[in-house]
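Look for chain A in each of the two complexes below; its partner is chain B in the first and chain C in the second.
Let's turn to the complex of A and B:
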């Protein structure tokens, strides 16, 4: 599990750096479509993402949201995948300004390490700024790829 | 009001609706913070909170559902996925073996 290839989870065509959305609903649809386009989910996943957003916002801070589906939406997942969608002009997210959406589709835990790396980035304001400003897919992927010394997870094998 | 004895916590569970996004993110940061304390940190959906959890962290909007599943296990609601004071309080209590009210 520790040698998951980040590039397989976050495919180049699922990294979109110059999108525009009038509101968060449209932003989530764009993320959902990116996941559909890369073959990670069926179309039914997208409304489940909107449903999830209505119950609890997926805004996590530092201008980043992580839209994903409810438990029911998991059935529409074809493979674990992420998408990275950047809105340079920003999107209003219940009063917060979102620049980056990382859409998630997952049935397993293959994406956990990338999300862990994302959390570390967002806890560091300078790196968070660099992620929001990323203008190439290579930069995005390099930032989200966990450094080898960054993933000592002694309890990981015990996870159920 | 529930009491948590930080020194007795062996398993902390972060629960969200699907267990695929927000809970994963928070669990990863808490797992790092508690790496030296011998505490297992897991992420799950609210419906799948394991019976052997000692404390459950969940988003405020899901706390009632979590309490319904968790039985007598303390459920600590939070609002922020990164840097929430309620989460910090629980983590500190575990690190320092303190007893806190939540």
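Let's turn to the complex of A and C:
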């Protein structure tokens, strides 16, 4: 679909598999810090992520949330990046149980494909479970890398 | 079946927040609404995962369809939403 390299967006050091958070605010701070640590954003990005969450929950289903900032946070983005943070014990997210947060820092739309791939995974219960249970950064990266020759059908109910 | 084709205006495409707002609005119509990207298959427009899985970027064309009473009005509202930069507007 495009020449975006998922490995460039999702750095190995932005993949954290065993974090703990008491609540979603702390979970978002951890995601924000992961983006700061990998050099993708300035510290000012983190409060903008919390602000976004206040207005619209970034929970997307299947135990996954995708915290990201408001437009105000864009100026704090140094390069487009994602982080993958797993909370094995789960985090309460307005009543939903979140195990995986994929934090987004973006000025452009190069991450749309990787998020589309994420959604494809989550629509498949087996792959969703495999992603939540991933034990290594390599597995996470391999799962989120869109296969160029293997574009799955978004749905089987398209024809009518 | 009523149908509209519209260019997605949100700068980040139709995912994350814009996808959430769109799917909420589609669900709010109470009708069976579907969305397709280009010539692709139509998917349930009320499912954020299905909408995100389309991978619609800024400036890409989508076709939305609805059936039932008030389908035309409902689609007009959804078209307006898609033609707005949803990443920039404040939530209602």
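By our rule, the second predicted complex is superposed on the first by the 148 of 160 C-alpha atoms of A that agree within 3 Å, B and C clash if a C-alpha of one lies under 4 Å from a C-alpha of the other, contacts with A are read in each partner's own complex, and residues count from 1 in each chain.
We adopt the following convention: a residue touches a chain if its C-beta (ideal position, glycine included) is under 8 Å from a C-beta of that chain, and two chains touch if they have at least 3 such contacts.
In this text, all values refer to a predicted model and were calculated from it rather than measured experimentally.
By the touch criterion defined above, A:58 lies against chain B and chain C together after alignment on the C-alpha atoms of chain A.
In the superposition on chain A, A:66 contacts both chain B and chain C.
Look at A:95: by the touch rule set out above, it reaches neither chain B nor chain C.
In the superposition on the C-alpha atoms of chain A, the part of chain A touched by chain B in one complex and by chain C in the other spans residues 52, 55-56, 58, 60-62, 66, 68, 71, 104, 106, 109, 112, 115-116, 118-120, 122-123, 153-155, 158-160.
Residues 16-22, 24-26, 28-29, 31-32, 35, 40-43, 45, 47, 50, 59, 61-62, 80-83 of chain B touch chain A in their complex. Against chain C, the residues of chain A that register as touching in their complex are 1, 52, 55-58, 60-62, 66, 68, 71, 104, 106, 109, 112-113, 115-116, 118-120, 122-123, 153-155, 157-160. Of all residues in chain A, only 52, 55-56, 58, 60-62, 66-71, 73-74, 104-107, 109, 111-112, 115-116, 118-120, 122-123, 152-155, 158-160 touch chain B in the complex they form.
Of all residues in chain C, those touching chain A in their complex are 11-13, 15-17, 20-21, 36, 40-44, 48-58, 87-88, 90-91.
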